[in-house]
Structures are given as structure tokens and as C-alpha cells.
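Quick one: the structure is below, questions incoming.
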Amino acid sequence: MLLHLCTWTEVEAYLKQSSGIILPIGSTEQHGPTGLIGTDAICAEAIAKGVGEATNALVGPTINVGMALHHTGFPGTISLQPSTLIQLVRDYLSSLTRAGFTKFFFINGHGGNIATLKAAFAESYAHLTDLNIPNAEHVQCRVANWFTCASVYKLAKELYGNQEGSHATPSEIAVTQYLYPESIKDIPLLTSAASGHTIYGAVDFRRRYPDGRMGSNPSLATPEHGRQFYELSVKELSSCYLEFLSAD
Amino acid sequence: MLLHLCTWTEVEAYLKQSSGIILPIGSTEQHGPTGLIGTDAICAEAIAKGVGEATNALVGPTINVGMALHHTGFPGTISLQPSTLIQLVRDYLSSLTRAGFTKFFFINGHGGNIATLKAAFAESYAHLTDLNIPNAEHVQCRVANWFTCASVYKLAKELYGNQEGSHATPSEIAVTQYLYPESIKDIPLLTSAASGHTIYGAVDFRRRYPDGRMGSNPSLATPEHGRQFYELSVKELSSCYLEFLSAD
Amino acid sequence: MLLHLCTWTEVEAYLKQSSGIILPIGSTEQHGPTGLIGTDAICAEAIAKGVGEATNALVGPTINVGMALHHTGFPGTISLQPSTLIQLVRDYLSSLTRAGFTKFFFINGHGGNIATLKAAFAESYAHLTDLNIPNAEHVQCRVANWFTCASVYKLAKELYGNQEGSHATPSEIAVTQYLYPESIKDIPLLTSAASGHTIYGAVDFRRRYPDGRMGSNPSLATPEHGRQFYELSVKELSSCYLEFLSAD
Amino acid sequence: MLLHLCTWTEVEAYLKQSSGIILPIGSTEQHGPTGLIGTDAICAEAIAKGVGEATNALVGPTINVGMALHHTGFPGTISLQPSTLIQLVRDYLSSLTRAGFTKFFFINGHGGNIATLKAAFAESYAHLTDLNIPNAEHVQCRVANWFTCASVYKLAKELYGNQEGSHATPSEIAVTQYLYPESIKDIPLLTSAASGHTIYGAVDFRRRYPDGRMGSNPSLATPEHGRQFYELSVKELSSCYLEFLSAD
Amino acid sequence: MLLHLCTWTEVEAYLKQSSGIILPIGSTEQHGPTGLIGTDAICAEAIAKGVGEATNALVGPTINVGMALHHTGFPGTISLQPSTLIQLVRDYLSSLTRAGFTKFFFINGHGGNIATLKAAFAESYAHLTDLNIPNAEHVQCRVANWFTCASVYKLAKELYGNQEGSHATPSEIAVTQYLYPESIKDIPLLTSAASGHTIYGAVDFRRRYPDGRMGSNPSLATPEHGRQFYELSVKELSSCYLEFLSAD
Amino acid sequence: MLLHLCTWTEVEAYLKQSSGIILPIGSTEQHGPTGLIGTDAICAEAIAKGVGEATNALVGPTINVGMALHHTGFPGTISLQPSTLIQLVRDYLSSLTRAGFTKFFFINGHGGNIATLKAAFAESYAHLTDLNIPNAEHVQCRVANWFTCASVYKLAKELYGNQEGSHATPSEIAVTQYLYPESIKDIPLLTSAASGHTIYGAVDFRRRYPDGRMGSNPSLATPEHGRQFYELSVKELSSCYLEFLSAD
């Protein structure tokens, strides 16, 4: 059930059954010479839809621009500042909590969002309580990264070993190939990816990772791998969501 | 060309040809008992894609949650505060201007976004200049509402007369029916819509507009109408974008 | 009744009769080589006083610096950022709503304020509700531009045709001549005003509109015209205020 | 020279002679049962005009709402939050410094503004430097309170002894009587004013100072006293401004 | 009683006896060629502990970075912006007021903090009331500067006359010598300190006060003087705290 | 070398040798019925001093209030909002980067700070670049948690097994016992600690963890254990700091 394809009366009915909602969050950032700029948003959105179908959960609109300041040295990247993203999450939760939602399950496609999301959750819990919203005390947020699912991780290791890397990884590229086969970029990767550098600011990042990849070899990706990663994530995150929902 | 389906090297190449980008912006808000909550984002996104194809322009990710505070009395609505949306736009423009973009064409699906977008543009022009970004002086933003296109307006008048109303209109519902025929809601509208009230806060809005519609009769909408509205908008906004791009 | 010339006990008494207040808002910005920098504030303040007298309404202090970022390329202009103006309006409404006011009628002298004011109203409605102020749900704000009154527009067309232009217009200059005859600038305008350019940032604005006028010929203004514009505005906005006040 | 009655070309010419500007700042707050709500803004504005005339200085628009949160328990009071006032001052200085002003002389009518103004000056110096504005290093702000002029203080002591008090004082009421004789309130003050309590929040303030006065007996004020206070302030602050201007 | 050395159950018990807490606030800023960068925090912390012991009051953690923007031209200085410090104080008071504290006694070691603290108190009183915290109306804050104690001032005059100066004073240096004798800097001060200049921005400050001292001769300081200043401050501020606590 | 015990000329000299600084950050929050409220700040500060001595590094003032919103249901806890902490870190880095520091090593005593610190680093890198500070591109921040040192973790497992828990742990209590033996609380812990619950808001946290401990048995702590943890942390973090410093 996609929130965008529901009416408000359907949401009203849904809230009598459940107070949970899935919010996909990705990023709009460079993913190396062959990876799609929308990779993180595309994966999060597709997997969230899959989880929503598997669990009869409502799936909200995708937050498709996240915290990617370190990638802004590459054209096409768009980033919120962390303090803007915190404010955005506060506003989302404020709208939805007043309506009766209390369980917020963020399906996340970008490692760089995690810290800011956690900060945003903490700030929001306090803020909602300040506003004296009836349900504020019962609000619960969770960030669930599809790429850290145990089953995903295991398959990535099997398929790619340490060529999985940590950005523009074959696993995420594979998911986008499965979803958008017509957008597979057939470009040879002439050099191996830089790796092992800590992430600091945008200028520094581009200096260290000149083509944008971090230790990955995305040319190993195939649409068929993507299908497997997609299905594993949907399965694992569906369980995870149901557990989250049923926990007190 | 969807930014989300490009690589950063493709964006780099694009920037040698053009400094323009189309940014769809919608809203996530109630649209009456039969209208989709995602109506404004769905329309803006689809029309922006159409314009991008027609003009070879890059189309950024959809801002699918906008300024809809007055609709938050209805479940499912999500709104940013105006000051959050201003900050978000500032962040988008800051990322993209540094990369070389200077012409920002926002294709908008929601009247409630216009005022805040204009405020955001003014704040961003000054902010970008403060940051001493080389291109800051040449940055230009425009908000283009598909629903105020002359051709759209004319057709809506012909088809619906004053049953077009001003929210949850048959024209916008028609576009969503054209795009998502499987999500057409077959629910009779038993009463006529309230109309003529000024918009103030969320509680007041729901009191005055109990089912969410504002003077509209969305049951007049058909997918075929939607196709016509879609095509008229794409055509008119394509001209509008090209003019914007070529103006100094 | 000017708030500044009342005591708090008089305001307390007034609130038993009325919960309405008029708030003049202008700008401090260049108005071409012959127009006063305070034009927008001067007009708004004088007309608001007139409306206050005609309707027995309380008139608050003039917000004499508004949103004029695009004029800051000309010396003497002062502007708030939109986000500052939103915060200012929130603070005004927070003080006054707690005291019992609920109907806020902003008499505006500057087109550039409108978008930010509308954003500020939306943000304030939500904010006041968040604070659990008893009257929050009934707060209503309206922006009433004297220069868009039908009677004003008609007279300007009659007197000036398309030499009215859109900034540093003869009509607004005339009102300041009527109010401050000793400050009439007797300077010949050697060139015709630039016109037809979209407004972007401050540097760009000054490049396109080198003397600050936008399509206007302020040398057509006379103090006697100013008197007529003043009287028409007061009359039309007085009706408008009374309607606003009596509407539920 | 009032900025509001100048053109931008006159300001341009002025800046060749002087980089100084006088900014009146007052407050909109209760002043006891007989004092005008606009007292602080009225006094600051009139005295600033007088100083401007005596020194050929440009006088900006009056900041007529300041920091008066502790008075918001009385109807008619309007206050900015300190953080809003800081932002407002930052915006003023940002506009004016870019134009070439560097010496900002705030003539202040309200004790409650002083702390926030000082904080705003410190924040602005750093902010302007951050923006790399050429003159940023030479920006100087001063707050000059008319009511703490030595000559004013001496006369108030002579005329009123300890009935001067500290809010709704006969000296400030006298200045408003001199300026607005038609607004003198002829109401007997039946009780003596409370005094000696520290200022905390708004509810607490009203509990301690039930009629709003703080230790003052404003019934001693006369318009003739007001004339004397006005003239003394103008004289003393004119010297003060000229010294400020000539100091390196 | 140091809050940092208590358990939460001890604080719970304490709150049954008292709702007062002492909060030391200093600064991290240059104090001339021989003064410690931590001078203001060191003095405030030590004196606060002394007052806490003398009065059985709880002493919170030291705010050791304050408002020192004008000193940031000297390496080692760290400053908050005033608006950040306001936010920090709001957060402290919000946490502590919810727990039951209402009397906040800030023992301050830095003149530059005073204005911002006062602004922060005003903003916090209003903010706490907005949040509907039960005790909000009874919250009281006071800033008590050890260096303006009458007894301290008298001794400084006796010992140093006008060589006390106003920054990097022998009195504050003496207190740090008493507390950290091992950190006494044995460096000759070859020139006399600059004095008499107004404080503006950081670059300007360093130009006027090239070694950081303001009119002071810290070489007069001795650890024994420091002991006396320490004891006088503790005694005087203890009385002051007890008065504050017992006042309604 | 403690920054607080240096002069600015010593810092100037230090900057010729090193651009690194250690910043201890803790929290002021409940640590169960026997743990000190200052535990996290005490540990971070002491270990940072040890690392500073071992590596000749400058150690800045301790940030002793961090992000502890979830503990604010227990009296004595003080927390910043994440957005305030981000602003605070931005201000610290802005002051220090202008002075020449580029390597910021945060020694952290509180798990709840990590997410916000990471968000703050990202925001600061971008902000410093916006300000055009010469060294901005080379700024590097790292958060180093003493409690996640491999050697610390190993010893904790050996000594306490799974009674280490995750809050009010015997290891951190032990460090405070070693540092403040006079503040050891001799209170029997009658019940075992709750464990296994996710952290959400403050009210929820207290409901789930009624005495504040999370799965820990702090009664196993001894001062001698504390000495060992202290020494292991200092050793491991000293290596870590030197590596950080020497990395390009």
C-alpha cells in the first residue's frame, strides 16, 4: 500500500488496524562512473514497496535526497545539511504522529544517512513530547538498512568477496540493474577503485576517490544478482518490520 | 534524462551543453475522498519527465513532500514547515550551483508550495552570493505550475466549468487516473464539495471542508481527460522551459 | 486607534469589543532616482491609519523593513531574509494571540512581501497550535495590498496607462508626495525605465534595472493624485477589513 | 536626513561623505495605566531624528518592536524573541555594510533591548567577516540609550527623585506628552507602583507589577518636562554620535 | 555537592529540599601573554564549588566555552555564537526544569557572557512557558559575576589601583595562580597594556590590543592574592545565592 | 598540555609543531543508582588528559553536556538537542580552524553522542568550506570512544562477562571509582538491571529501565579495575591519535 496511491479515508481506515508506516530514504549522489546517481533512493524505494506488499504496511513517499555532503564534489550530487534533514524528519513525524502513526520504519539505502537519522529520531522524540501530542510517548523510529541485512551481506561476500567495497558496490548496482535494465551503463572501468581512506569533506573525498568508487568493482554486478539481493532484503526486512510492529 | 538514472560523468558531460535542470515538486496531502494523497507529486513528476524528454533536459528527483500544513487535519498528509522547505531548497541549490547548474526550473503540482518557493528563491540568491560561489550571480529559479498552464486551464473550463474547483480538482485527479488507472477509486461522492472559504489553519480547514475537496467534483475525471491534460502541460511547459533556458 | 498611542488598559477594553488588529507592513528599499526609500512603509502606514480611523480598528506598529533582497544592490535598501521575516511574524502573532487577538489584517505596501507573508501565516497557524494557545484554531491572517485594490488599479490605468510600471510606480510615488510634499524630488528622469525582466538576485537586478525603476514613469505623479489613491485605498480596504472581521 | 525620505542616489552621495547611520530602536510594550504602549519607540524615533538633524546624519527606520517578553502578560505588548532580534540585526547590518556603511549608532529607548543588541553586535561582526564583505573588519556598532544620558538622569533626579522608578517613568512619559500632547491620558493613579522585584518571566512579572509600573509615578510628568528631556538627549547624543563617527 | 559526583537518586532526594542549582560559566579565550586560556572557566568553576560547599547547593557542570568572539583573533580561543549559547542555555533549562529545578544561579567568570546570558534567560522563560512545563512560571535565573563582587572590587583596587584593567586582570590571574601554582607563567611583560578602546570584531580587537591584555598588569598577581579573591568571592556569592534561593 | 592551562602565545608556538587537538566529550546523565551523573565526562576528560600527556598533544576543554535526551526522565540529566550540539561543534571548529588547527580528535565517553558528532562533522566540513577559510579542505575530525577500544572491551569481557551491559557499565563506573574514590556509592543493587529494550524517548526509556541501568551490574566495579581501564584506554587511544595525526 503506497501512501501516494491511497485516499485519506483509506489511511483513516488503515490507522484502525495499524499505527506503522514505512518510510524509504535514499540519497542523490554519485556512484562511480557506472553507478546511477539515484542508486540509494531507487533501492530503498523498491525494497520498501516490496516490504509494504509482503506485510500489508503503508509505504510513505521516498526521501530521495539525504545526507551526502561528502559526495558534493561530483556533479549531480544533491545533499541536505544534517540540520536540514533533522528538521525534515521532525516535520514528517509531527504530521504523521498527530494523525495517529507511532511506528516509523525507515528503510534506508545510504550509509551516510544513518548518523543524522539517529540524531533526528532523538530530537523528534523530545520535540513531539514538547508539543503535548497524545501519542508522543509511544513514538518509535527505526532505521533499517537493506544493505546490512545478514542475508544480503552473506550473498555479497559470496559473489564479490572484497570487491564489494563500500560505495558504488556491485550489490547496490546490481539491484538498480534488476530494476532499470535499460539504464545499465556499459563503460569499462579501467582502473581499480581507491580504498581505505577515511571520509572527511567533499574536496578531500574527491581527491582520495577520484572516480567516486570506494574499493568496489561494480562491473561484477548483474541484473540477476540484483533480483536476489532485492528478494533477500524484502524477506529479511519484512520480518524485521513485523517484529518492530509487534514489539511493545 | 532523469538525474537518478545518470552517472556523475554523464552529468559532467551534460553541464558542458546546458546549465539547466528541472526539479519536480509536489505534495503529500489529502485530495478528498477519491483523490490520491500523492496527486501533486505524481502529476509534477510525470509532467517533468515528459518535459525532460521533449527538451533533452535533466530532471532531478521529485520533492514529494511540500508545504501542506493546512491539510494536516486529514490523516496521511505530510508537510514541511515553510522554513524547512526554504532550507531544503537552499541546500539543493547550494549543491547544484557548485556543480555548475544555474537555471532551476521547478515544475510544481501544488498551489500551496508557490509562496514558500518564491521566498526560498529570494533567500537562496542571497545565500549563494554570501558563499562566494562563482556562478551565484547568474542563478535563476522559476516555478512553473502545470495546473496554471493556459491550455490546461482552458480545457478544464470546457470539461468541468465551475465544477473544477480549487482542490482535488477533476483535472488533477484525471492525470492520476491516466497514470495509475489501477488506483482509480470507485467511490460515490454523496455530497457536493464545500467552497468559498479562505484557507487558515489545519483545524479550521477541516471544519470548513469536511471531506477535503474545495469546490470540486472529481467524479467528472476520466483517464482520457488525464491524457489530454498531461500532453497539454508537457507541451506548454516544454516551450516555457526552453524560453527560460535561452533567456539571458 | 494607534496601538502605540494606547495604554494596555485601553487595549484590554478594546479586546472586549474586537479581536481584530491592523498591521501595516512596508519595505525600506530603493524606488528609483526620484522615489523615496521608505515609499512602501510610508504608504502602508498612512493607509492603515486611515483604515483604522474609518473602522475603529487598532493599528499596530509598522513593519518597515520587509523582504527586499533583490533591491540590496542599491544603497539604502535594508532587507530581512525570508526566514527572518517568518520568525518575526511568528513572534508578533504569538504575543498578540496570547492577549486575545485572532484577526490579523496586514496592510501591505510591497509586492515582494507577499510570498513570505503567506509562508509566515502558514507556519504561524501551525506553531500557535503547537503551543496550545486557547485561540490558536481561530487565528486568521490576511494580507491586503493597497496597490492591488480594484479602485486604485483603475485610477492608475486611467492616469498613467502602461507608464504605471511595476516598481517605483507613479501611483505609489504620488501617495508619498501627498503625504510628504516637502520631500518631492525635482530630478529629471533622462531615460525611460527598463522593463520586462524577471526578478532574480540583487546583482542581476541592478544590471537589468540600472536606475531601479521597473517600467514606470514616476514623473507623472502629483500630490493630488496621491490624495486620490490614498482615499480610494482607505475606502476599499476599510470595507475589506470589516468583511474580514465579520466573517466567521 | 531620514533614510525613508531619501532616494538611493542621495544615499550614494551621502556615503561619499560618511559611513555612519543612526538606527532608532524602541519597543511595543505596556507602560502602566497611563503610559503609551509605543513610548520606547516614540522616544527613540523622535530623539534619533533630532540627532540626525543636528549632525547631518542619516537616520534609518525605527525598529519599533524589540525584546519585551517580560511584558507580554499585558495586552498590546509585542515582542521578538532575542534570537529573532539577533537575526534581524544581522540582516540589517548585512544589507547596510554591503552598501558601504560601517558605523552603526543605535539610539535605544528600552532597557530590555540592551543585552540582546550587544549579543547581536558580536554575532554580526563575526558573521560579516564570514561573508568576506570588504568592510567587515571596520564595522562598529554602538547602543546609545537616551534615558541613561548623564544630563537626562540628572534632570530626572531633580524633578522626580526616587519617583522616577525604572519602567513607565515620568521622564519617558513626559517625552511622549511633549510629542503627542493629544494622547495624554488623564487617569488618576490610585495606588503607588510596586517596586524592587527582579524581572523574570511574563506571568511572574505581571503578578509582581500588577499595573505594569515599576516604582514610578508617571503622574509627575508634564509636556514641558518632556521638551527638556528631549532637548538634553538630542544634545548629548549628538556629541556622542560625532565622537563615535570620528573615532578610528 | 557536584552534580557530576552525584547519582540520580541523590538528585531526586536533593530536589525535595531545594530547587536551586549553581551553574558555573566561563570562557576559553586568550588572557594576554601570561594568563591562562581557561582563566574564566577555572575561576568560575572553583568559586562555584566553594559556594556549593558553603551552602549545600548542587553545582552543575561548567560551561567552559562561552561568548568570546572578539578574542578569536588569538589562537586557542574558542567561542560560541550568541545564538548558539542561547540555544544551549535553553536546552539546559529545559532538562533541569522538567526535573523540578526552578532557581538557576549562574556563577560567571567572563564579562562577555553577560549580555548573551540575559538574552538567553528571557528567551528561556518564554520557551518553557510555551512547552507547558508545570513549573515554568516559577523559573528564575540569575547571573552572578565573581569579579564584580563588592569585596573583590575593593581588594583589587587596593592591591592594583588602575593596573587592574579590564581583561587579563591581575585579580583573575591571581585566582588561577592560587588554584594552579604549577602553571604560573614566568614571562616578563615588556610593554604596558593597551587600553581605552571599545570592543568590536576580532580582527579589530587584535589590532588594538596586540598582546591581548586590556589595560591590565597581570605581573602584580600572586597566589596569595588569589586565595583572598577566591575566599571573598565564595563568601559574597554564598550570601547572594542564599538570598536568591529564599526570595519568592 | 591542557589548553586551559596554556597562554595564547604557547598555543601559537604549538601550532608551528602540530595542527592537532584533542577534544574530550562526555555527557551529564543518570548512570543508575550507583553511577555518577558525570561518569561520561569524567572518563573522557581523564583519558584525554592522559593521551595528551603521552603524545604531547593539546587537550581542549571538556564538552561535558552532550546528547542524552533519552535519559532526561531521570533528575540530574542535562542534554543538548542534537541540532544544538551540531551548532556547538560548528562553532568550536570555526574558532579553531581559523587559528590553524585542522586535526580534531574527539575522545568520547558516551555512545549517545556518536551519531550527532558524525552529523556535526559532516555539517562542519561543508560550513568551513562555505566560509572560505584557507585550511577548510584539510580539516579532519575523528570520534574515538574509549569504551570501544579493543583492549578495554577485552578486559571488560574477562572481568564482567555479560554483566558489563550497555549503560552504567561496571567498566565506566570503575574508571570513576579510580578517579574519585571518595565518591564511591555504597548502595546495594537489589534488583538486576533491565535489558534488551531499544532506546526511544525519555518517558519510554524510564518505563523500560526503571533504575537507569541497561543490563549492567556496576557493583562488580573496583577502583583497581578502573586503573586498568584507564591505562588501557590511554595507551590505545594514544596510538590512535598519533596515527590520525600522521595520516595525510
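First chain written, first letter: the chains are A, B, C, D, E and F, and each begins at residue 1.
One rule holds in what follows: a residue touches a chain if its C-beta (ideal position, glycine included) is under 8 Å from a C-beta of that chain, and two chains touch if they have at least 3 such contacts.
All figures in this text were calculated on a predicted structure; none of them were measured in a lab.
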Could you tell me which chain lies farthest from chain B when each chain's centre is the average position of its Cα atoms? E
Comparing D-E with A-B, the one with more C-beta contacts is A-B
Could you please state the distance in Å, as a whole number, between where the Cα atoms of chain C are centred and where those of chain D are centred? 24
Between chain B and chain D, what is the gap in Å from one C-alpha centre to the other? 46
What are the residues of chain E that contact at least two other chains? 72, 81, 87, 132
Of all residues in chain E, which touch chain D in the complex? 67, 69-70, 72, 81-83, 86-87, 112, 114-123, 125-126, 128-129, 136-142, 198, 200-204, 247
Along chain B, where are the residues that touch chain A in the complex? 2-12, 15, 28, 30-38, 41-42, 60-62, 64-65, 72, 74-81, 83-84, 87-88, 91-92, 95-96, 98-100, 180, 183, 185, 187, 212
